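The following blocks contain the structures, represented as structure tokens.
One chain, subunit A, links the two complexes that follow: it is found with subunit B in the first and with subunit C in the second.
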Partner chain A sequence: MKIKKNIAVSETGFVFDPTTGDSYSLNPIGAEIMTLMKEGKELPDIQKFVLDKYDVDKATFEKSYLDFMNMIRQFHLTEE
Partner chain B sequence: MKKKKITVAVSGLNNTDNPGPGIPVIRGIRESKEFDVRIIGLAYENLEPGIYLHDIVDKTYQIPYPSAGTDPLIQRIEYIHSVEKIDVIIPNFDAELYSFMRSSDVLKEMKIHTFLPTMEQFEERHKSNLPAFGKKYGITVPFSRPIFGENEIFGLTADFTYPLLVKGKYYDAYVAYNPEQVRMYFNKIASKWGLPIIIQEFIHGTEVNVIALGDGKGNTIGAVPMRKQYITDKGKAWGGITLDDENMLELTRKIIGQTKWRGGMEFELIKTISNDLFLIEINPRIPAWVYLAVGAGQNLPEALIKLALGMEVKPYESYQVGKLFIRFSMDMIVELEEFEKLSTFGEL
Partner chain C sequence: MATKKLPFERPLIKKLNVGIPNKFGLKTEYDPITHIDGVAIKDLINQFGSPFYVISEKTIRETYREAKRAFTTRYPKVQFAWSYKTNYLNAVCNVFHQEGSWAEVVSGFEYDKAIANRVQGQHIIFNGPDKTEADIRKAIVNGSLIHIDHFDELYTIIELSEQMEQKPKVSIRVNMDTGIYPIWSRFGFNYENGEAWEALNRIMLSKKLELMGLHAHIGTYIMVPWAYGHAAAKLADLAVGIQKKFNHHIKYIDTGGGFASKNTLKGAFIPGSDTCPTFDAYAEAITSAIINSGIHPEHMPILILETGRALIDDSGSLIGSVIAIKRLAEGKRAMVVDIGVNLLFTSFWYEHKITPAQPFTHYTEDTVIYGPLCMNIDVIRDNISFPLLNKGDHFVISRIGAYNMTQWMQFITLRPNIVMIDMDGKPHIIRKGETNDSVTSQEVVPDYLKKITV
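And now, the complex of A and B:
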């Protein structure tokens, strides 16, 4: 899944969709994942990054990651 | 560069919760790098806030209501012109445009410049003519039709499903969920703005708007799309944000290109979840949120003055996306003498 090219993600986790004018606030991990996705990284790279950096098991990460993906898809922030 | 000194008369000083475009138009003009302006306010009522904003409006004159007809208006303008030597007039109300358009030759003889749509352009974009407009120019519009009496309300279900929109010829729009509500809004709007009342299909989606300026030759001098983010109970934008939406700009260029629109305008559109755009209204003048366009890099009031004066105007090619406007209200303290002066002499 890819983030739409024109979606802006700031270092503070502020996300702006210039087509709709909607904006969202992410927590620090959400912001890191979104930034990696903007760089074109896919699930394996993102998973490795999170598991290396944070004290979290793979199953918990996958569940949260899928929830997050569903949420950003619902907000039309992704390219299908 | 030395600024050119000009005098500009502007109406729409009612900077209320249902604001006229006058004050934001003036703010744009005052930010011009090319013009050193004296602003003459044209007011209908003595409590229009712009009258008392002396750092924005240099002098205000009361003018007769549009319902008084064109002749009294022009006589009043003649008097104001004899004192102030007006270079350009920017009318900002739909209801007064007719008189100014009809008088544009007379004003021209007086060396007062305007930059207004033609009568044909003004008439064909009327809410009641929108279906024909859409058909003529290949634009998607919601189904609508005018009604002239309460007896037509119960027959609406042949063409519409509820909810539907009940709209006035010039202003006001309400969502109605049943015939009883249609009847209520019909009477409310008709008593204020007259007939016909427009019944329009309700399109589910997000309301988005475009402000634009056409040069009368088919060129779009500027265009900025916006989404209202904070809407008052009168449906007016109290906050909004500029959008990056090529479809909205393309639609704008298409309409201006085909109609050869002359002057400022606003498109009211509904964007559906599948990103289809429905044109719901064309306002034939600069909207009250024009200062957002100025803030985003397109000084459309300045460009309109240049067009009115016959100067060359290069089209704007960009604007800043994600620029917000947020309105605020503030109390002014006004001396009774000022109010008295305007009420008694019709000028301040």
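And now, the complex of A and C:
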């Protein structure tokens, strides 16, 4: 899943969609994941990054990642 | 050595709604509740499981003393009577009785509980519309204070007084317009239409009953202290009438319960902790109405208070755990927890304060919190801006000491342990968690239904 090219993600977790004018906020891990996605990274890389950095098991991460992807899709921030 | 990993928080994306501020304009920043009266919640969960109720003995005693101080610094003769229905766990009742509270009961069941708690008969106030003849006999023998609710009860007592040695000690419950709505006219005798005066005359003329006092309970969660001023003034007015006509001085005026607690009512715009009147405000309204009434200073009645929720709500908490985190079809966050409306009856009218029991960040989501029951109305909070908890995390629901441990339902699951933390920070189980046996032991299966093959 790819984030739309024209979407800006700031380090502080601010997201702006110029097509709709809508803005969003992310928590720090949300900002990290979206930045990795903007760089074209897919689930395996993102998962490795998160499991290395945070105290979390694979299942908990996976559940929350799927949920996060759903929200990004629901907000129409992805290309598909 | 591996470097220590950071605590994990679920990734969150939230749409920013420009120009729509938070309903209360309040910060969502607050601290987790990790301890209650110095005891770690983690340790309590290890010991008592999840969910469970906790009651702080310290908070009960402090709240009681604060209420008592508000009244005794304004009025010479004050007596509290613990409203059993609010929380009739024996340990809780006994804390109030140790503090000097009498008992206020509204059924034969509660009456017998008070007797079993060794409250003296003459210190039990017997309220309510449903007293059986056997209940009334017992109360007469014990010299308890019978607060008459209706004429049928009054005539039963007059009849009994003709058969019994002891003179029944009675009061009447009076309902009235105190300027607030709704008027609870279903209980007692009305003041404005003369019914209360008629009942008092009937009592005095019977000569077989001893008229002890006058009672009103104008409602519950009353936010306006002045309503009590009106109630006390009207009761005092009746007392003056009795004195003039029969030269009889009543011994007490009982203004019932009904003080608000710091809980927030559903739909309220300002949290209850900011709007709840102080005990001082209620005390000022009630005591000044009696002091300024026509009652002669030498015959000032005892002021009885049957305060329930305001004395116990703050001392109770429910500790629970997250069962699941879900996303609803419409995109909303949902959290399923192990505490349902069966254990938290008051969630039907309060927006209960819920606080995580472990550290969290200031990131929140609009969340609906569901109980564990397989039933659509099992909603604990329908919309709360809540931190990002995970399955297995714990939380504390505060201010649940009133009515939940009496109005709870045995429905789908069993009722859990109730723990009291004593003045030294030591936890005690004061009601054991139910087992299948405690529920099914009351059941009887007819023999012909015992043979089943499925």
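The working rule: the second predicted complex is superposed on the first by the 80 of 80 C-alpha atoms of A that agree within 3 Å, B and C clash if a C-alpha of one lies under 4 Å from a C-alpha of the other, contacts with A are read in each partner's own complex, and residues count from 1 in each chain.
FYI, a residue touches a chain if its C-beta (ideal position, glycine included) is under 8 Å from a C-beta of that chain, and two chains touch if they have at least 3 such contacts.
In this text the structure is predicted, and so the values were computed from the model without any measurement.
K.L.:
Return fit or clash for subunit B versus subunit C, each positioned on subunit A through the superposition.
P.N.:
fit
K.L.:
Once the shared chain is lined up, is A:Phe61 touching subunit B (first), subunit C (second), both, or neither of them?
P.N.:
It touches subunit C, and subunit B stays clear.
K.L.:
Quick check for you: in the superposed arrangement, does A:Pro18 touch first (subunit B), second (subunit C), both or neither?
P.N.:
After superposition on chain A, A:Pro18 lies in contact with subunit B alone.
K.L.:
Pick one for A:Phe75: touches subunit B only (first), subunit C only (second), both, or neither.
P.N.:
So A:Phe75 only meets subunit C here.
K.L.:
Which holds for A:Lys53: it touches subunit B only (first), subunit C only (second), both, or neither?
P.N.:
So A:Lys53 only meets subunit C here.
K.L.:
Applying the document's definition of touching, compare subunit B and subunit C: which contacts more of subunit A?
P.N.:
C
K.L.:
Is A:Leu26 in contact with subunit B, with subunit C, with both, or with neither (first, second, both, neither)?
P.N.:
In the superposition, A:Leu26 touches subunit C alone.
K.L.:
After superposing on chain A, what angle in degrees do the C-alpha centres of subunit B and subunit C form at the C-alpha centre of subunit A, to the nearest 10?
P.N.:
90
K.L.:
First (subunit B), second (subunit C), both or neither: which does A:Asn6 touch?
P.N.:
Touch partner of A:Asn6: subunit B, not subunit C.
K.L.:
Once both structures are overlaid on their shared chain, how near does any Cα of subunit B get to a Cα of subunit C? Whole angstrom is fine.
P.N.:
7 Å.
K.L.:
Please report the subunit A residues shared by its interface with subunit B and its interface with subunit C.
P.N.:
none
K.L.:
Touching subunit A in the complex: which residues of subunit B?
P.N.:
Spelled out, the residues of subunit B in touch with subunit A are 206, 226-227, 229, 240-245, 321-322.
K.L.:
In the complex formed with subunit C, which residues of subunit A make contact?
P.N.:
Within the complex, subunit A contacts subunit C at residues 15, 22-30, 33-34, 50, 52-56, 60-61, 63-65, 67-68, 70-72, 74-75.
K.L.:
If we count contacts the way the header does, which residues on subunit A are in touch with subunit B in the complex?
P.N.:
So the residues of subunit A in touch with subunit B come to 6, 8, 16, 18-21.
K.L.:
Using the touch rule from the top, collect the residues of subunit C that touch subunit A in their complex.
P.N.:
That would be residues 5-16, 18, 325, 327, 331, 361, 363, 388, 390-391 of subunit C.
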